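Across the two complexes that follow, chain A remains constant while its partner is chain B and subsequently chain C.
This part shows the complex of A and B:
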């Protein structure tokens, strides 16, 4: 069992929301860096450092580059240049804006990915099922979470069948687009057929439950965790207000 | 729901008195004049060719049909002392969840019964109990007891999507049995299962019967069930007929196909030497050190348990998988019929389906009507493949392969979903490929078919 499974999924989510809202409101580079560093420490404890680094890198690198293009190369206010290549120049102010926005986005991405890596999908679905929300919510979330791997497998099967008939075997970008076009419709149709086939048996198995429902899976929870969740929710709502209020009233 | 209580002395747990059953927009009824009474602990086997209405009958017994305000059923169904009347003017809505507490249906595609959203087999088993709000401790006790009784302990912590076909069917049956319905309707429970899985399913059926659960088995042939069954029926033209001993013998009749054996000096069409096959990312190779040779006019059978690598070998022969070591040489084009026909069909009509991927000016286009006629599908050109019975759908998938005139015909579990007529057509197709100097490689769990068809059999370990 993963070490993070001792934590209730809602605890992780509540803390994550609080951290993201407060860090975004604070907009301090050192705080953003500290949060990102802490996330990597936690992911190291959970054993997912490489995955987090790869995923966040893949998402943040293009984000940083686009922010640099927008704010770094095209400054809105006059500012000394750090570097210049003909008509292009990177200014101090532009760089500051790009880094500030980039770091805030980085916090959102890294914290979000960390949640995805720490929370077990089945634990999350069970937690939702055991909460007072309608049973369809848990099923919808589960179906969405498990849809991607199922659809990947289906499109692989469709691809194999089409290859056998010499369809969609082109190379390069054109070949890729052709494959996407050829596989899209059968993929959607088979997925719909699959959903229709399952629906009647789900009804036969009493889904959605009309009365009280239970789960065999246990989702660990303690009064301490419940306390942390409440505190995190309060921080998520009041934290940004308290951080931003002095600015609104012109105290700083 | 209109109902009335039946006599308490009645021992029938499920009764059907059906005058007619008509699907929405259908011109004629699919089922008519059927009377069926199921006793506790009994085994009733209903055979019929593909499209005969077996699955419809199963769904009616399980309360999944008629669809409210759509199909029309005239007659009555009695479950556990409660009789539900259907007439032209009265089509009551059936509460499927309540009905399934008495009658459960295992569909032919057992995976469809599983929710697909649970992380372990244990959770999948108790899905319906969770929806009933049963306390966790009680569910634990039930799962443990059921797993012990049915020998499923080793599967309890497995992910349901990592089960083999046979294991998936066992788990689905156990999930049905856990809520202890009086009747279980099983649609083709042995299709595609290897010998070991067949034995396990059969053992589970005996255990359930011993507990008093009545079983209704829907199958293409009664052959496997004839010794155990309490009642054998045949569904023909929408009506049930009791099978006599002569009929049973007729259904069980098998004979080796007479064919000129291929000569030893005929051309080698397929050669595999020390081949190792592995899927990307897999820890271990799926197949190791495989040596095979197939000559023109030869039919080679691949046998072996589920997961022994038969499909992998066929895929490699078709060029979908490259050997990691060893050599694989083929002469001429290969054509592969995949195990699951649904994976091979994409178009909205049979004609478009068979023509899919063939260039418009290709002479192969002219073969399309010819192949459809060869497989008896000439009248279904404008039909959607999914609207066809399973056997005809399988033949459409075969047509998509045959239209390209493959020199080496590769068939993965070709008899699965095929009825008797379909199997005869398949046999003719195999013979025609061999007679024109081609070769056939097929994998099958159907030992009789293998015995009748293959010149030699390679057993995969």
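This part shows the complex of A and C:
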């Protein structure tokens, strides 16, 4: 069992929300870097470092490039240039703004992805089922999380079948559209037929059930974790207010 | 008599609570949007910027969740089982197209299909849920939940008023929906992220900025270029997929039968 499974999923989520809101409010590059570094330490402990690095890199690289295009190359404030290629010039101020906004997004991405890696999907579904939210939410989350890999696999099999019958092997944009069509149409049709069949079975069993139910899976929770959750929620709400209040009232 | 013989009828207090949640969600969304547009807060990185970013993020997310909680208990089981398929389609197709450097998203085909088949409330719920689930894999989409809800809502509205009865009407409805979605979503991109997260869309924003536009104006113009085209393509693809469904399947949705969504295409 992964070590992070001892934590209630809501504890992880509450801490993540508190960290993201307070780091965003503080907007200090060293704090953002420290949070990102800490996330990588935690993910190393959980054994997902490579996955986190790849996923966050894939998301943050286009974001940084986009911010550099918007703020770095188009300065809104006169500032000395760091680099210049013909009419294009990167200014100090533009670079600072792009990096600051990029770090803000990076904290959200890295902390969010870390949550996704640490939280066990079964535990999350069970925790939502046991919480007071409508029972449909738990079903929808569970169905989506377990349907995603199934549909991805189904799409791969459809692709293989189309290749075997020599269909959708064209090149260029037309070929790409043809491949997408040959994969998407059977995928959507079979998935919707399955969903319709499932609806009949669920209706026959009185879904969504009301009242108290017994779940075989228990979600580990302690009074300490409940306390941490409350503290994290308070920090998430009041932390940014306390950090930003001096700026709003012109104290700084 | 209860529509479902196995379940108790909903009490008036539950109905009132859900209506209040729907009203509160809509008010928060509209108020936040109007505040941002009227005040146009300056200083994205300094002091006020962080407060605006967090406030916009929280307000858009809270309004979307309130709308979801208001709508969810109303949905029939046939719609509930359809939503996960739609969410998976959004994620699979969205991640695929998102990796290509074109200023389109194509991440709402599933949401639009649900809107077409099950109505605007189901479409809106699918949009919010899709964003919440997707945020486990891509956290940056989280504040766009309200925009995603609007896509589903507008798809349902378009289907209700006959956008699927002629194939050429679907992309036109998509164009109109794209304008509205672009306008609603651009404050999030501007004030939460300081621009966009894609290189293609970022280049468009940079081009408008270089012409002297403010950041909000540049992002809105970029959204008005990307979103209508994107939604026109999505609405057309979703309409073609709905046409391809067996008539027995599409006709099983009460919304499709009640509003004659497919016109003469579906058998009774």
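The definition used in the following text is that the second predicted complex is superposed on the first by the 242 of 252 C-alpha atoms of A that agree within 3 Å, B and C clash if a C-alpha of one lies under 4 Å from a C-alpha of the other, contacts with A are read in each partner's own complex, and residues count from 1 in each chain.
Convention: contacts are C-beta pairs under 8 Å (C-beta built on N, C-alpha and C of every residue); 3 or more make two chains touch, one makes a residue touch a chain.
These figures come from a predicted structure and were not determined experimentally.
Visitor: Would you check which partner chain A:185 touches, where first means chain B only, second means chain C only, and both and neither mean what they say?
Guide: both
Visitor: Can A:157 be said to touch chain B (first), chain C (second), both, or neither?
Guide: first
Visitor: After lining up the shared chain so the two structures overlap, which partner does A:242 touch, if you call chain B first and chain C second: first, second, both or neither?
Guide: Neither partner.
Visitor: By residue count, is chain A touched more by chain B or by chain C?
Guide: Chain A has more residues touched by C than by the other partner.
Visitor: So, A:137: does it touch chain B (first), chain C (second), both, or neither?
Guide: second
Visitor: After the superposition on A, what does A:193 contact: first (chain B), second (chain C), both or neither?
Guide: Both chain B and chain C are touched by A:193.
Visitor: Identify the partner contact of A:73: answer first if only chain B is touched, second if only chain C is, both if each is, neither if none is.
Guide: In the superposition, A:73 contacts chain C only.
Visitor: Taking the superposition on A as described, I'd like to know which of chain B and chain C A:202 touches: first, second, both or neither.
Guide: both
Visitor: According to the stated criteria, A:21 is in contact with first (chain B), second (chain C), both, or neither; which is it?
Guide: In the superposed model, A:21 contacts chain C only, not chain B.
Visitor: On the A-aligned overlay, A:148 touches which partner chain: chain B = first, chain C = second, or both, or neither?
Guide: second
Visitor: Across the two complexes, find the residues of chain A that touch chain B and also touch chain C.
Guide: Common interface on chain A, chain B vs chain C: 139, 143, 185, 189, 193-194, 198, 202-203, 206-208.
Visitor: Sort out for me which residues of chain A touch chain C in the complex.
Guide: So the residues of chain A in touch with chain C come to 21, 24-27, 55, 58-59, 62-63, 65-67, 69-71, 73-74, 76, 96-97, 100-101, 104-105, 108-109, 111-113, 115-116, 119, 133-134, 136-137, 139-141, 143-145, 147-148, 151-152, 155, 184-185, 187-189, 191-196, 198-199, 202-203, 206-208, 210, 240, 244, 247-248, 252.
Visitor: Using the touch definition from the top, list the residues of chain A that touch chain B in their complex.
Guide: That would be residues 120-122, 125, 129, 135, 139, 142-143, 146, 150, 157-158, 160-167, 182, 185-186, 189-190, 193-194, 197-198, 200-209, 211-218 of chain A.
Visitor: Which residues, counting only chain C, touch chain A once they are in their complex?
Guide: 4, 6-8, 44-45, 47-51, 53-54, 69, 72-73, 75, 77-78, 80-85, 87-89, 91-93, 99, 113, 129, 133, 135-140, 142, 193-199, 201-203, 205-206, 209-210, 215, 218, 237, 241, 244-246, 249, 252
Visitor: Chain A touches which residues of chain B in the complex?
Guide: Per the stated touch rule, the residues are 62-64, 96-97, 99-100, 104-105, 107, 109, 112-113, 115-120, 122-123, 126-136, 139-140, 143, 175, 315, 318, 320, 335-336, 338, 340, 342-344, 346, 356-358, 386, 400-401, 404.
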